Every structure is written in structure tokens, then in C-alpha cells.
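After this come two complexes, each holding chain A, first together with chain B and then together with chain C.
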Partner chain A sequence: MTQSTSLAPPLARPRAAGRRTVLAALAVAIIAVLPLVVSPYWTTVATNAALAFAIAAPLNLLTGNAGQFSLGNAAFLVVGAYTGAYVTFTFDLELPIAMLAAAAAGALVGLIVGLPSLRLRGAYLLMSTLAAHYILVFAALKFQTSQFGAAGAIFPPLRIAGVDLSGERSMYFVIAVFAALIGLIIANIMRSGHGRALEAVKARDVAAAACGISVARAKLWVWSLTSAMIAAAGVLQAYYLGSASVEYYTLNLAITYVAMILVGGLGSLGGSLLGACFVTLVPVGVNHLSDAYGGEGGGILAYPHELQTVIYGLIIIAFVLLKPDGLIGLVRSATDRVVRVRQGR
Partner chain B sequence: MRQQFLSVRDLDVAYASGAHALRGVSIEVGAGERVGIVGANGAGKTTVARAVTGLSSAFRATVRHGRISLAGKDMTRWPAWRVLGAGVVTIPEGRGVISNMTVEDNLRLVLAAMPRSRRPAVAEAYAMYPVLGERRRSMAGLLSGGEQQMLAVARALLARPRLIVADELSLGLAPRIVTEILDGLAARAADEGTAVLMIEQAVVMSLRFVDRAYVLDQGTVVAQGTSDELRQAGDTTARYLGVADLSRSEELL
Partner chain C sequence: MTDFLNALLSGAGFGALYGLVALGLVVIFKSTGILNFSGGALMAVGGVVAAGLGAQGFWIAAGIAVVAVAGVGAVANLTVMRPLLGRGLFPGVMVTIGLTSVIEGSSGILFGRQPRFLADPIGVPTFQLPFGTSMSSTLAVAFGLSAAATALLAVAFRRTSVGLQLRAAAVRPEVAAMFGANPGRIFTYAWAVAGGLAALAGALLASLTVADISIAAFALRAFAAMIVGGVDSLGGAFLGGILVGVTELLAGTYLGDDFRLPSTMVVLMVFLMVRPQGLFGTPEVVRP
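Take a look at the complex of A and B:
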């Protein structure tokens, strides 16, 4: 965020800060009012987008800001979901406690998955997280069979302090509040010394070390923290879906979140949000097209699921090639242009 | 005799590639003293800088034996952040500036490692090199080479070091710019009693700045003395440094 404004003339700074407050207030208003004005279907879509953001944003902090490539996010989700399920069923605990337990488990697992990052970078690191994905999902399968049976864990309707929150609207609010909290935490980290340290680690390990940053500590900290957030989101996701089963946590799912941050824009919270919305809306759009034109002789539109996968692939390639700074880059250049026109330049 | 601050004893360092970079190097830097390490390419100068600033492992180098101590305390295998905490700050070769970060954020990087109560204001850096203040919102990568080096020097000084290790500060810069940067560094170092260990290929420039220097060749110290002594040392020393005649080379500048 700070990076985008830093090339602007110095005077634009206070105005940018004011604009950020306005934007935040606007976002809160939209989030609060949305389910009251749109149909339940679109409330569901918004819930999915908020949940996707709560998972993509930590991943973006890890990959976009700290430069640590990871395919481990689906595995962290299942670690969270099953830790949550275990403490919920065994000790009959409420959601916030289950989420904290899941976050603790996620932090520990993230720390271990992050250990290779002390030696590996880029594609090699990615491969080590791929291995971690399969190991963790296999472990989860064993855990699932022993604890919950072959079908996985079935979650009860969500209740917090005796209040039923399982309705579509209340579920939306619970997830939106969680997503906002994640967004707030990450925004603060990005603006703090920790955030700058992560950027320095991404740019140049040695330069970061020369500035007194413990590169190893910074890397393990960000792996732990982001994995904790993703694991906590995993509990919420499982409650929302009503169940958690290993088959859901595929490599494909992991790639979906990577797609969000690539399409939205690496290293940007706004990018995570745009990416989450965009990737959530692709299947919605494809389903609409398929319903409308996908009948007899509808060609590829008769296969919406396959079509989605193809579209994801094409979109990722297109963004990486043509717009590496993602959707947020488009937004930035558009706002820059508006500002310039207004200043009469 | 000044109070001894940094002491390197019989240091032996090898890289994972097999290169045996240092063979029993011993160096002393007194408190507030300016000491140079000069020598040709590949003599092992940068390896010394890495070893004393805790950056060896980042370059896959290992201290085989020897001892590096700071005011009597052994710090041979300390990581870089701990070395910095003890007051030894490096200006690494290639400046160590993060190019896709603003000038101000670059300066703030070093503050995060310091206790809150001891953090100086970033403005100190702007007072030292005003051009940095003018460009504080620019990406560091957009600065000229000289400005980037000023940023690196100013950033190192913000950490309130007791010893600055400057590696190839003059590399790729015009002599006039180097003089400007060094004048700033010298003034601040003198004010605050900061010692400077200056590692340089540019011998003549280096000898003007330091009180005394070590001449390094193939991983060993082959000569040492005050700047004047080294200038008068004659052919043998000059040959190690790739300079025809040190006593006359001053005229080259």
C-alpha cells in the first residue's frame, strides 16, 4: 500500500491517507448493508468471497510480501479444520476457542513447513511445500479415518454463546468480521517494521541481514503467522461447508488461492481482495453462461466445471504475462490517470 | 595506545565451494580508529568484512578457526543481527540498498532492530546528506549510484555504530562523489567516536582516509603500518597492491 503512493509527489500523501479512511468506511458500510439488499444467492457469493479473502490475504503476505512461495495453503486449511473439529467434538468448545486451537496448530505446522525456506528459495521452496501438502493431507486422512470415520468430520450448525448463527446471513457476518480482522492485522503488519523487514528479506537476504534483521526469524515468523491465520480460516470454512473431508483439500484448491493473489496483485491487500472476488466470481459467471447456453449442442458450455479450470489457467497465464501487478495494478493506473486529469496535467 | 575494540585473531575462513579465502589473518581496530584493509581482487578483503559482521553463513563461508572478539567478548559465530546489536554495522559491497523500497523505508529498516528508546530520528540522515531528504519518497533503486551509497552510509550511521565496516565504498563512483561521501562519514565518525574498518581496492583513496592499514594478499596479511609508512614502503608493498609506486601515486589524484 505504502509503495504505491511513494512515487507520487509528496503532497499527495496526506490526501492518500484521508482517502484510505474514506475507503475503509465505505467498505464497512458496503459489508454491513450488502446482505440486506441483495438476494440470498448473492449473499452466498459474498460469503465465499470474504472467506477466500481471509485465506488469500495471509498467503499474499507470505508470498507477495515476504517472497516465500507456497502451495501449502490447502494443507494448512485441513490442519485447521481437523484441529477445530477435534477440540469441538472432544471438549465441546465454542468456535472462537476452536479457531484459536486451530491457529496454534497452524502456527506449529507452518513453522515446520517453513524450515526449508531457510535454505531454499523460489521453485525449490515451492517443491518442498508441495511435498508438505501431500504429507499433511495424508496425515489428515489417517486422522480422519481414526477420529471421524471415512466420511470426514460433520460440523454442527454454528452457535456462539447459545446464539444460532448458522443462517446464511449470520454466517455471512461471522465470516465478514473474521475477514476484516485478518485484513486489519495484515494491513498493520505491512505498515510496521515487521512488514518492511519482510520486504527486505524478499528483496535481498544479505541486505536485510546487514540491517540487523534476523532473516531466519523473520521467515519462520511469517510462515507461522500466515499458517495460523489460514488454519483458523479453515475452521470457519468447515463450519460454513458443514463438513470437512480430505477429498476437499486438493492441490487444485491450493492453486485456486495462488491464482487469487497472482490475479489480484502480489504484495497488496487490495490485490488479495480483488483476486478473491474475481476468482469467486469466475464459477458464478461460467454457471450463468452454462445455464443460459449450455443445453443441447452447447459445446464446451455444457461442461462448466472443466471450463472453469481452463479459464483459471488462461487467466493466470494472461496476468503473469501481461499484467504482473494484477488487478490492483489496473486500479492503480486508473486512479493515477484520474488524479492527473483532475490536476490538469 | 587506543583502547582496543575489534580484535581478529588467526582467522581462517573457507567457502563451501572449496576456496580457502583467509589463512590466519589477525587484525586490530581500536575504539574510534580508522583502519583500512587494502589488497588486490580476490585477496580476501570482503571475506574479512563478512566474517566480522556475521554475514559469513549468508555466503556459505565457514570460520574454520580463529577468534573474532569485540571489546574482549567472543563473537566469532554471532549472526549478523546480534553483531549489529553489539554496535558493528556493515555497509556491504554493492551498498545493500533495497531498490524497490523508498529511501525513508530503507532508513527505517535499521531502526526496527534497535530498542524503541534509542531510535534516532530519520531526519538525522537527511541532515547529513540533504539529497536523501529531497528524495525520501523515491524508490531507492531510482537513485544514482552515489546517492545509493549515501543512503547506505546514512543508514549505517543511524544504527549508532561503534564500528562501521565499509566494503568497497568507492566502487563504481566518481572520485568527487567518493570524497563527498567520505567527508560526511569522517565528520560523523569523528563526532561520535565511531571506528571505521574500510575495505578498499582503491588504495590511494583509502590511505588518505585511514590512520593505518593492513595489506592483504592471497588470504594473509603481508604488510601493515600507518598510511605514511605504507606509502613509503617501497616496491614490495606496492606490487601487492598493483600500484607502481605508492609514494608518488598521490599525484595521480
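Take a look at the complex of A and C:
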């Protein structure tokens, strides 16, 4: 037993790399084929899950890997959406340019929101992101009233280089490609020196500094980078929803993404994906149940909205108490068991 | 001038409401180290229960709501909060957020979502004061109750055995247990107190405006009150609430109603940057 554990790392590495290639190929195949085999309804669900992943994954890098607990992500989404709307409407630019502009704005705002993390920690840092959320959303409200009118920004159907991409299926592909890109970037960051620096800062910042990591730079870098990604996703989300209005960007929206990384597994990219899918599917499942059995005398199923709220809360509580490493923890223990059985141990 | 004085008076009244909720947050944070995000939901469900019993008059309805929500707080601690002790910030925040969701959804299923009203605590709706100013009687009552609750709790913390045990359990639960305190039970009391205080604020808010579960968001200012006063100071929570309430009403009077919530968040941010321990809190010393 001891011998096999000491031998495990050198043997595991090429195998893990091979497995990773297989997983990536499988993921690409599933993403490409999915809308062709499922109904439009489930394509919509998949689009929502992909979008949720593109927002949850950067948040997981910030909170799960770097240990910066933030409730500011809804504010970054609105910063992105409104920067994107402004440059699109003012200069008549294409989506990719608008997303780059939004990412730049997100990076700048993320840097500012991240500044308190140099002085504050724990509950105090969380409170500062809460305050930042309300201040930014308020600024967005003022911007909305002056630029777009009371109803918010209405986005035109998505066109890139003259090609109409506003259909459900093409929106799905645009969003899935973006989500895959985000996933690829984050996977590479997590395996790089930058990613290990973040883990070190989370574990013990003094020790990280002693190892030659600039803690301040690592923190500001991750705040800036993840905010840029979330802001870029904000543009895509606004295009997908067709409009952006301040009422949408609530604290509860911010909490939804935190719930995703909690349910999926903190600090794990696969966890972000599982959590995004799971949290997206909860209301879908409850609505199905309620449509099927919630008619006359359907008891609590006659209250689908309230029931969703309760179940969502119970899921969060259950994962914190019973499965703190999330769905990815379940997957890991299951694959470990398969490997052990195969090796006859 | 009249506007200014009115803003001060109403601000102090609203601030006292935030102080009530913040007091509950401080009691929980002080004893268990958990940052409670469910204060708003406890407050809102207190308001909904009190307004549902509105036919009994304000005081009986509020009393029943306080007892009921104190029970909710105690049950929450016994079931889901106790396993979290010592597990750090994130789990506690997430479970109290989950609890918020459960409370809000259950309240919708049990009591419906329609807004309800509650009578004034005393017959007169407003007090006419000198210089042409006036103050809602409910806000005046809120101020008095909040001040009384703060004083009562401060005395209970210093002078009673439970208060002593709570302070001991907050510093070192294991050592407190060795000396005969029962931290589990003490923390249940802390949650019950927090629930009761939040329900009282909810009942007052119900008689001031309207009661439905969406008033939960109102209690966000309690976080600002808690930080401004100092996370471990009872009197600080009350005075922090007043400061936040007055800022909010002044911003509402001179800048416009949509500046009310953001102004409290600016105060929160300024305090976090300049004086994170708040006005009366003890600075947190972290061993690197």
C-alpha cells in the first residue's frame, strides 16, 4: 500500500494527461451534438447552464482557489452588460469588440473592488463586496436612466460579421464556445505558477510571501482577471436575454453563482460545471413536478415558486453540512472506487 | 431646517430598527463567530406573523411574533448551525443564506404573499413636535424599544450567569465547557434572542409600512449598522444603527429617495476602509 502510493505520482501523470484529452474530446463532442439531438426546450436549458458555467468558473477561481469570498459578481455582470451596450450602440461595434471593452471595464472595476482585500479579510472583506455590489448597481441605475431610459438597454438580435446568430441553436453555440474558452483559460491558469500562487495565498498569505509570491499582486490580479471574465459574460448574457435592466442584477443573482460553486465543489473547474448544471436544473425539475401534479389540491406543489425557494435553500444547507467538497467530491470518490476495484485492491 | 430636523428624527427611528436587527447579528457573531445573513428573513417573517395576528392589536401580535421567531432561531441553531461551529466564514454565511431561502419560501407557502398591515402600537399616528417637526409614533416606540433592548442585553451580558457563560463560550467554547458552561445551549439562547429582536423590528416595520416577505431586504442596513458600531459591541450596534439611519434619511431628503440604500453602503465602505473595528469594537488582532 505504502509502496503504491509512493509510486503513484510519476505513474499517474501521463495517465491523467491522457484521461484529460479523452475528457476534453468527449466534452467537445457532447457540446457539438447536444442541440441536434435534444428538443429546443432542452437546448435553452443547456444554453443557460453554459452561461452559468462561464460566470461560475471565474468566481470559483476567485473564491475557491484564491479564497476571496465575493458577492460582487452580479455587479460585474451589470458593468459588463452596460459597457457592452454603450460601445455597441455608440460606435456600432460587433459582439467580440463589445466583449473586449466590457472585459477591460470589468478588469478596472474588479481591481478597485479588489483593493479592500489588501487590508481586510473574512467577514469584513465580504461586507466590502456587499457594499460594492449596491454602490455599483446604483451607479448602473444612474447610467441606465441617462443612457438607455427607464426600461434599460434593449439589445438587437445578435449578428457577427453579417451572420444572424439570434436563433436559439446558434445562441447556444456562441455561448458554449465562450464557456469552453473560459474553461480552457481557467484550467491552464490553475495548472500554472499563477494558479499555485493563488492556492498559496489562500492557504497562508504570510507563507506565500515568504516563498517569494507578491500577495498583493496575486490578489489584485485574480480580482481583475475574474471580473473581466464575468463582465464579458455579462454582455453575452444581456444579448441572450435581449435586454439588460438593473432590476435583474440583484444580490440574489450574485448568491446564485456562489451557490453553484458551493454545490459543485470549491476550487474545481469540474465542480463549477456540475454546480452550474445542477443549480440551473433545480427550477426546471420543480416546474416539471408542479406542472405534472400541482393542479387542484396539489398541496405544496401548487406553489412552484415558493417550493423552488425552499428547495434551493435546503440544497445549499445540505451541501455545506453533508458534502462540503460538492458534487465533484462525489465524482472523485466514485472514480477512485472504480480505479481501486480495477486494480484489484 | 424643518426638513433637516425631520430627517434626523425619522433617521433615528429607522436607525433604531436597524439597530434591533444588528443587535441580533452582534449577539450571534459575538458568541458563535457566524456572520448571519438570515437576519432580514427572520425580521420579515416576524412582520408577516405579527400582521397576520393584527386583529389582536399591536402588542399581543408583536409579542406572539417575537416568541414564534425566537423559536425559529433556536430551532435553526439546534438543527443546522451547531455543526458549523469553528468551520470558518464561508459555511456559516452559506447556511444562513440557505436558511433565508427556506424561511422566505415557507412563509410564502404558509402565509401567502399578499401584503398585510398592522395597527400602530399607540393610538396616535404621529407626534407633533416644536419647530414644525413631527415624528411617526411607531418610530418613536421603535427608538425606545431598541434602546431598552440594548440596555437590557448589555446588563444581561455583564451581570447574569448566562451572559457570563456566553462571553466565556465566545472566547473559548472548550474551556467554558470545562468550567460548567454549556456552549450548545448558550448559542441556542443567542439565536433565540436574535430571532426575537428581528421579529420585533419586523412587527414595528409592519405597522410602519406594510408586511410581506420582501421587507427582508430592508435589513441589509443592519450589516452597515453592525460594522459601524463594531461587530462585537452591543451599544455600538444601536448607535451604529442610528448613524446609518440618519445618513440614509439625510441622503433621501437632500439627494432623492433612490440614494437611501446606496448612502448606507457608502457609510459601510468608508468604515471598512478607515476603521474596520467600528466605533466601539475591539480591533481584530490576527496572528499571521
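The rule is simple: the second predicted complex is superposed on the first by the 335 of 345 C-alpha atoms of A that agree within 3 Å, B and C clash if a C-alpha of one lies under 4 Å from a C-alpha of the other, contacts with A are read in each partner's own complex, and residues count from 1 in each chain.
Going forward, a residue touches a chain if its C-beta (ideal position, glycine included) is under 8 Å from a C-beta of that chain, and two chains touch if they have at least 3 such contacts.
Keep in mind the model is a prediction, meaning the values are calculated, not measured.
S.K.: Just chain B (first), just chain C (second), both, or neither: which does A:Arg340 touch?
M.R.: So A:Arg340 meets neither chain B nor chain C here.
S.K.: With both complexes overlaid on chain A, does A:His288 touch chain B (first), chain C (second), both or neither?
M.R.: Neither chain B nor chain C is touched by A:His288.
S.K.: On the superposed three-chain arrangement, identify whether chain B or chain C touches more chain A residues.
M.R.: After superposition, C is the partner touching more of chain A.
S.K.: Contacts for A:Ala210 in the overlay, against chain B (first) and chain C (second): which applies, first, second, both or neither?
M.R.: first
S.K.: Kindly classify A:Glu199 by the partners it touches after superposition: chain B alone (first), chain C alone (second), both, or neither?
M.R.: The first partner, chain B, only.
S.K.: Going by the contact definition given at the top, which residues of chain A touch chain B in one complex and chain C in the other?
M.R.: After superposing on chain A, chain A residues 205-206 contact both chain B and chain C.
S.K.: Spell out the part of chain A that touches chain B in their complex, as residue ranges.
M.R.: So the residues of chain A touching chain B come out as 2-3, 6-8, 10, 13, 193-194, 196-197, 199-200, 203-217.
S.K.: In the complex of these two chains, what residues of chain A are touching chain C?
M.R.: So the residues of chain A touching chain C come out as 63, 69, 116, 119-124, 126-128, 130-132, 134-135, 138, 141, 205-206, 251, 255, 258-259, 262, 266, 300, 303, 305-317, 320-321, 324.
S.K.: In their complex, what parts of chain B are in touch with chain A?
M.R.: 53-55, 58-59, 79-81, 84-85, 89-92, 96-102, 105, 108-114, 137-139, 155, 159
S.K.: If you look only at chain C, which of its residues touch chain A in the complex?
M.R.: Contact set of chain C toward chain A: 29, 35, 80, 83-84, 89-91, 93-95, 97-106, 108-109, 217, 220, 223-224, 227, 231, 258-259, 261-262, 265-266, 268-269, 272-273, 276, 286, 288.
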